[in-house]
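What follows are several structures.
Across the two complexes that follow, chain A remains constant while its partner is chain B and subsequently chain C.
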Partner chain A sequence: MQKEKSWFGKLVENYGLPRMIITLFLLLLLVLCPFVGADLPTQISNIIARFSWNGILVLAMVPMVHSGCGLNFGLPLGIISGLLGATLSIEFGFTGPLSFLAAIAIATPFALIFGTGYGWLLNRIKGGEMMIATYVGFSSVSLMCMMWLILPYHSPNMVWGLSGKGLRTTITLEGYYNQVLANFLKIKIGNFVIPTGSLLFFALLALCIWAFLHTKTGTAMTAVGSNPVFARAAGINVDRIRLLSVIMSTWLAAIGILVYEQGFGFIQLYMAPFYMALPAVSAILIGGATVNKATILNVIIGTILFQGIVTMTPTVMNNIIHTDMSEVIRIIASNGMILYALTRKTEGSK
Partner chain B sequence: MSSMNEPLLEMKNISKDFFGNSVLSDINLTLREGEVIGLVGENGAGKSTLMRILFGSTMIHETGGYGGQVILNGKEVHFSSPFDAIAAGIGMVHQEFSLIPGFTTTENILLNREPVKKNLVSDIFGDRLNTLNRAEMDKRASEAIRLMGVDIDKKMVISNMPVGHKQFTEIARELSKEQLRLLILDEPTAVLTEREAEALLASIRGMAERGIAIIFITHRLQEILSVCNRVVVMRDGVVVKDTPADQTDVQQITKWMVGREVAGKAETSVRSHEGAKDILSIEKLWVDMPGETVRNVNLTVKEGEILGIGGLAGQGKLGIPNGIMGLYQAGGRVVFEGKEIPLNAPRKCLDASFAFVSEDRRGVGLLLDESLEWNIAFPAMQIQNKYLKKYLGGLVKWRDEKAIREVTEKYIGELAIRCTSSKQKARELSGGNQQKVCLAKAFALNPRLLFVSEPTRGIDVGAKALVLEALRRFNRESGVTIVMVSSELEELRQSCDRIAIVSGGRIAGILPANASVEDLGELMLSQVK
Partner chain C sequence: MNNTSKNTKILSFLRSSSVPILFIIICAVCIPLSGLSANMLFNEITTRMGRNAFLILSLLIPIMAGMGLNFGMTLGAMAGEIALILVSDWQIVGIPGMVLAMILSVPFSILLGLFCGKILNMAKGREMITSYIISYFINGVYLLVVLYMMGSVIPIKHSTIKLPRGYGIRNTVSLLNMRQKLDNLIPLKLNIPGVGIVKIPVMTFIIIAILCLVIVWFRRTKLGQDMRAVGQDMEVARDAGINVERTRIISIVISTVLAGFGMIIYLQNMGNIATYSSHSQIGMFCIAALLVGGASVDKASIGNVFLGVILFHTMFIVAPKAGAAITGDSMIGEYFRVFVSYAVITIALVMYETQKRKAKSQEGAMLAAAQDEGEEEKDS
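Moving on to the complex of A and B:
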C-alpha cells in the first residue's frame, strides 16, 4: 500500500527537512558572498574558526542524550567549572601554553564535583531532566555572578582596576593561552586560515567519545537512554550510568569553554555562560540529533551549519538589506530548532 | 415498552479479528428485559472484546470493526463510540474506576450531566456558565443510590472512600442515567469485601426487578449461580455453553471454562523429577507488584523440569518472577543451589545465572529503537562480558561487532525470526518475532534457570507453537530449568511437567501437568479474593 516516494522525498526523509532548509540557506549565503563584496576565503576561515571554538561545547551534549537525560540545558554549570579553571590558572601565575594545561587540570576537579551533584539531582527527577537542567544552568550562573565579585582574586590582569578586587567581565588572554591550540600547525594561504591544532583537539575528544560509545559501558549508556527498564532488567545500575553521563557532559563543557576562550582570546564572566547553552543545543539538533539520539556526525554537521549561519548572516544579509538581521535570524534558527526538536521525539538521522 | 417475549438485546453471529488473529467467532447472545446473565470464561476467552463491541469502544473501530449484528430493541445499531452506546441506554462499570478523587459522590454521579440553573453571567456568556443546581443534584443522586439499594454517603469525597464504595458510586452513576436499559458489570466484586459483594448482589437483583437487564462478568462462580438467570460460558472466542443458572453448578462451569474438545493434544511427555535435587526454593515470598500482589509463596523447583505457574489474572502469578528478578519490591527468602539470592537486586539474580523473559515485551523486554543485534547481545555482554574485545589489559572493553552479528544470526536462524537483517530495529518486528528476540536474548545468557512470563501473550497461533517448542527444546537439550508463567492453562499442560496454581497471592496447589482441567480450575478459584 505504501506509496513510492520520489528521490527528493527520500532525500528529505533521510536528511531531515529542517537540516535541508538550513543547509540550502547556508549554501545560498556562500553563493551570495562574492556579490555583496565579502571575501569568500575569509568567510570560510571564519566558519572553520568558529567551528573549532564551539565544537566541544556541542560534543558535550552527546553523553547525556545517550543516557536518556535529554539535552544538557545545564551546560553553564560545566562552563563555570571551566571558568574557575581559567581564572585560577591565571591567579596562580601560570602563563603561556602552560596556563592552558593548568586551566584544564584545575577545571577538572570542579567539573567532577559539580557534575556529580548535578547528576545526583537529575537522577531524582527522572522525566523532567531538561526542565530542571535549564534551572540548574540559570541558578548556577546567578550564584557565580556574586562569587566572581566576592572570591579573593588578586591578579592585576583580572580584577577591576580601581577597587582592586572582584573580577572584570572580560579578561584578555594575551600572554596566557590565547590561540594556543589554533597556532599549532596553523595553515595560512592568503586569507584562508585553518586552526589545525584546535581542530585536532576537537577530533581527539570526539574520537574519545566515539570510542567510549563502543565500549561495554558506552553500550550500557545507550541502552539506558533507549529503555531504562530494559537496562535495569539486564542488571545495569541505571542511576550510576546516568550520573557518569552527566559528569562526562559537565567535564566536556568545562574543556569546551577553555577551547572557546583560546580561540576567542578572552575569558567572559558573569552572564556570559548563560548564553552558551542554547546555541550548543540548537547546533546538535540542526545536525540531526533528537532528544534521545545523537551521533558525533550530528555534532560536526550541526556545528558547521549553525556557526556557518551565525558568521555568514551579518556579512551577507546586512549588505543586502542594510539592517542588522543576523541576530534575529540566529535567534529564530536556534530557538525554532529547539522547539521543533522538542515537539517530535522520533529517531534521529544519520 | 417491548413485551417480555421480544429480547432487549440480540447479538448475532458476532466475530472479530485483530489483524487476522481471530478472537471472537460466531457469538450469539440474547438478553431480555430484567434478565441477569453471568458471563464467564478464562482470561483471553474474549469476554472483554465482546463487551467492547457492545459498548461501542473506539478501539474496535480502529482495528477494523466487527462482523455480525447487534440488535437493540428490535433495531440494528452501530455504535461508533461509547457515547452512542450510553445514549442508547447501555451502561458499563469498568474494572478500573473512572472517578474524580477530589469530588464528592454526588458530583461524580452526575458529572457533566448536572442539573443547572441560569444566572446573570450565563445569561450574557452562554450556558457553559450556568450555576449547578445543588438541591436537584442531591435529589437525583439520592434517587440513584436508592435504586441501587446500597446506602453510601453522597457527600463523601471519593478519595476518602473504601474501594467498595467507589464501586457503588460507579454503579449509582450508571443508574442515574434515565435511559439506562442494560448494565454491564465487569468484575465489580473483584475489589469488594464479602459483605459488600453480598450487598451488590442484592442490588443486582433489585435492579433486575425494575426491568434493567444486566450482564455480569466475574470470576466468582458462586455469585453467578446466586444472582443470574443464565450462565454464558466463553472459551477461545466462542460461546461454549448458554444455560439456565439453576441447572448447573460450579464444577460444571469450571469444566466448560477450561476444558477443550480437542482430545489427545494435552497428553504430552510429562516427566517426573521426583528424585532430582531442588535447584531453587522460594520461602515466604511477597512481592509488591501493582495488580499482581504476591502475598506468601512457598515453592521449590526441581532441577531440569519445566514448572508451570498458572492462575487467574490479578492473583499474583506474574509477581513471582518479577519479584525474584528484582523488578518489583519483594521480600522473603530465595535459595538457588544452596546459596541465598538477595532480592531487589536484578544484577545478583543475573550473576547467579537466572534469566527472565518478561511479560511486558515492549516495556521491559526490548530496546525497541535499537537493532536486533543489540537486543540479543546486550544482557550477555553486560553480565557475562561476552562479545567484547579487551584492550590495554582489560581496561578497554570494546564491542565486538562481528561476534554480536554472529550470535544474532545464529538465533535468527534457530528461532526462525522473520526480519530483514540483524540490523533491523526491534520495533519493526511483529509481536511473535519480538517474543522470539526476547527468548534469544535469554538463551544467549546460557542461564541455569529461566523464568518465562506469558510467553505467548498477544502472538498468533503459529508463532505460539514455535515459541513453546523453542522453550521445550532449550530445556531438553541444554538441561535448563524453566519456570513458565502463563494465563493459558492449556499451554501449561502442553509444555510443563508440573503446574503450580496461584490464587490470592499464594500457591493453591501443585499438580502434575496431566492432572484434569477440573482439578486445576478448582485450584484457580479456591482462594480468589
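Moving on to the complex of A and C:
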C-alpha cells in the first residue's frame, strides 16, 4: 500500500478505508432498496428520524475529544442526568411541551454537578481517560438502578402499578413530551416525513458548539487537545479547560437523551443507558473523527452513516436472505470502527 | 527493590489492601443479615472457587507483561464455548468430552489471541480499552459463527441444540452428561465441625493447583523474565534485546488459551451453556474478583486470586439476600452486587492511573526510563 499511491490510494487514505467500506455499503443498501420491495421514501424518512434522535448524543462527544480527553465513553453519566430531569419533570406534574422544557431545566443542574465531579476525576487520571470513563459510566448506571427503585417517586404514570413504588423500566411519554420537537413544523409528503423541529434543535446546538469552538475559550480547548504542554506554556489553565469540556459533554448528553426520548416516545431506565455510549462513539468515528480530532461535520456524516446502516440492514437483509443479520453487522461494524480508531497512531496526544 | 522507609511501606500496604479490607467489612455486615447457614455458605464458596479460580488465574500473565487487565479474556471464553458446542454435538460425554473440548479450544484460542495481541501492539498505552472493545468486536464474530454459520456451514447434526429454523444454536445448550463430571471425579465430602458436610471438587482443585505451580514456574523461565522486563519498561527491554512485540503477543495468547480452559471448567460446573450470554459478563466478574483480592492493574499474585474469589463471591452470594432483608426488595441486592463489581474496577483503575501519574511527575522521564522498579513506591 505504501509503495504506489494512485489517486484511489490517496482517496482511501484521506477518507479512511473502513469509512469508505461503510459508505459504499450504505449506498449499496439504498440502491438495493427498491429491488427488494422496500419503500425508499419510508426508509429515508427513517434514517432522518433516527438522525434527529441520536444526533445530539453524538454531538456530546465533540467537546471532550477537542480538549484531548478522548472519546467520551462516560456518556451514560450525562444520560443519567437527562433521565433524572425527565422523570422529575413528570413527577412534578408538568405535561405537554412544557414538560420538555422542565426536563431540560431540571437535568441541567444534575449535568453540571455530575460533569464537574467527572471532569475533576478525569483531570487526575490524564492518559487513562477512556477506560476509566467507561467504568464511571457503568458504575453510575448500576448505582442508579438501585436509585430508581429507592427514590420516592409517586407519579402513577411511572411507578409499578402493584407495589406503588419503584420506577418502571419503560415509561411512556404519551401526554408529556412525545414527539414535541418532531411535530414542530413537520413536513409530510406521502411517505416522506421530515421532523423539522428536531433537526432545527440539533442544528441550533451544533451551531452553538461550532461557534463556541471559535471563541477564545474554544480555541484554547483545541490547543489543550492538540498539545497540552504548549497550551500550558501559552498560559492556558489546562485543567480548567478540560473540566469545562467534560461539563459541556455531560450536559449535551443529558439534552441528547431527552431529544432521543421525545422521538422514541419512551423513557428507558435501569440498564438501558448502559450500552448507549458505544453507538455514539462509533458513529462519530465513522464520521471521520479520530481519538483527538472531531468536527461538527464528522458528527453529521457519522450519525447519518451509522443510523443509515442500523435502519437499512434489517429491511434489506431480511428481504434478500430472509434472516435478520443486522444486529451482528451492527456489532461488528461499530466495534470494528472503534478498534480502527484506537489503533491509529495519534500524534500530539499526551 | 529499593530501600523504602517503613512508613511509606505501611501506607502503601494500607492503600493496596484497602479494597480487600472494605470487602471484608461488607461481607461481615451482610453475612448475618442474609440469614444463610454456614453450611450453605461454605458449600457455595467452594463450588464457586472451583468454578472461577482457573478463569481468574488466566488474567495474571498479561498483568505480568504490563498489558493491564486483559478484558480480552472473553475471547478465550468464546473459544471454549465453541469447542464445547461442537463436542456436545458429537456426543462425546464426560471427561473425554471435556478433554477433547479443551484440545479443540486451543487452536481457536491461539488464533483469537494472536489477533488480540497484534491489535494491542498497535494500541500501546491504551491496551485495556482496546482489549475491551476487542471483546465486543469478537462477540459480533462469535454471533455470526454461532447464530448463522453453525448448522449451515459448520455441520451440526443434533436438532436438540439447533434452533428450530435449522441453523444457529439454541439459547441454552445442555451439558447434562458433562455436568460436574470433573468436580465429582474424586468425590470427597468433608465434615467440618460446626459447619456440616462440605462437598469438595477435588479434581478441579488439583487442576487449579497445577496451574498455580505452572505460573510460579513460568515466572522463572526465560520467557517469564522477559515478560516482566517488558512489563516494567518496554524501551529498556527492547534495548536488552527482547522482542517486545512478540513477548506481548505470547502473553495474550497464553492468557486466551487459559481462559478457554477456564471457561470449559466453569461450564462443566454450571451444566449448561447460555450460548449468547455466558461469556458476556465473565470478563467483568473475573477482573472484579481479582481486584477485590487486592491486585492492581500492574501487580497481581496468585494469593490475590484466591482471596478475591472468596471475598467477591461471598459478597455475590449474600448481597441479594441481605438486600432483601434490609429493603424488602431482592432486586436492590442484585443491582448492588453489579454496582460493586463496577465500582471496584473503577476505583482500581483510578488508583492505578493516579499512582502512575504521581510516579511520572516525580521522576523525570529519563530517570524513570533508567530506574524502573522502585519508582512507584518512592514517594517522598
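The rule is simple: the second predicted complex is superposed on the first by the 339 of 350 C-alpha atoms of A that agree within 3 Å, B and C clash if a C-alpha of one lies under 4 Å from a C-alpha of the other, contacts with A are read in each partner's own complex, and residues count from 1 in each chain.
The rule is short, and it goes like this: contacts are C-beta pairs under 8 Å (C-beta built on N, C-alpha and C of every residue); 3 or more make two chains touch, one makes a residue touch a chain.
Just so you know, these numbers come straight off a predicted model, no measurement behind them.
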*Could you say whether A:K216 touches chain B, chain C, both of them, or neither, answering first, second, both or neither?*
first
_Let me test your reading of the model: by the given contact rule, A:S226 touches which partner, first (chain B), second (chain C), both or neither?_
first
*Who wins on chain A residues touched, chain B or chain C?*
C
_Touch test for A:R168: chain B only (first), chain C only (second), both, or neither?_
neither
*Which partner does A:G235 contact after superposing on A: first (chain B), second (chain C), both, neither?*
first
*Is A:K186 contacted by the first partner chain B, the second partner chain C, both or neither?*
neither
*Could you say whether A:M131 touches chain B, chain C, both of them, or neither, answering first, second, both or neither?*
second
*asked:* After overlaying the two complexes on chain A, where does the chain B footprint on chain A coincide with the chain C footprint?
replied: none
*chain A partner contacts - residues on chain B that touch it in the complex*: 325, 327, 346-347, 349-351, 356, 358, 363-370, 374, 378-379, 381-383, 385, 388, 396-399
_Contact footprint of chain B on chain A as seen in their complex_ = 211, 214-220, 222-223, 226-227, 229-230, 232-237, 292-293, 347
*For the chain A and chain C complex, residues of the former touching the latter*: 73, 121, 124-128, 130-132, 134-136, 138-139, 142-143, 145-146, 149-150, 166, 278, 323, 325, 327-328, 331-332, 335-336, 338-339, 342-343, 350
_chain C residues touching chain A - in the complex, by the definition given at the top_ = 119, 122-123, 125-126, 128-130, 132-134, 136-137, 139-141, 143-144, 147-148, 327, 329, 331-332, 335-336, 338-339, 342-343, 345-346, 349-350, 352-354, 356-357
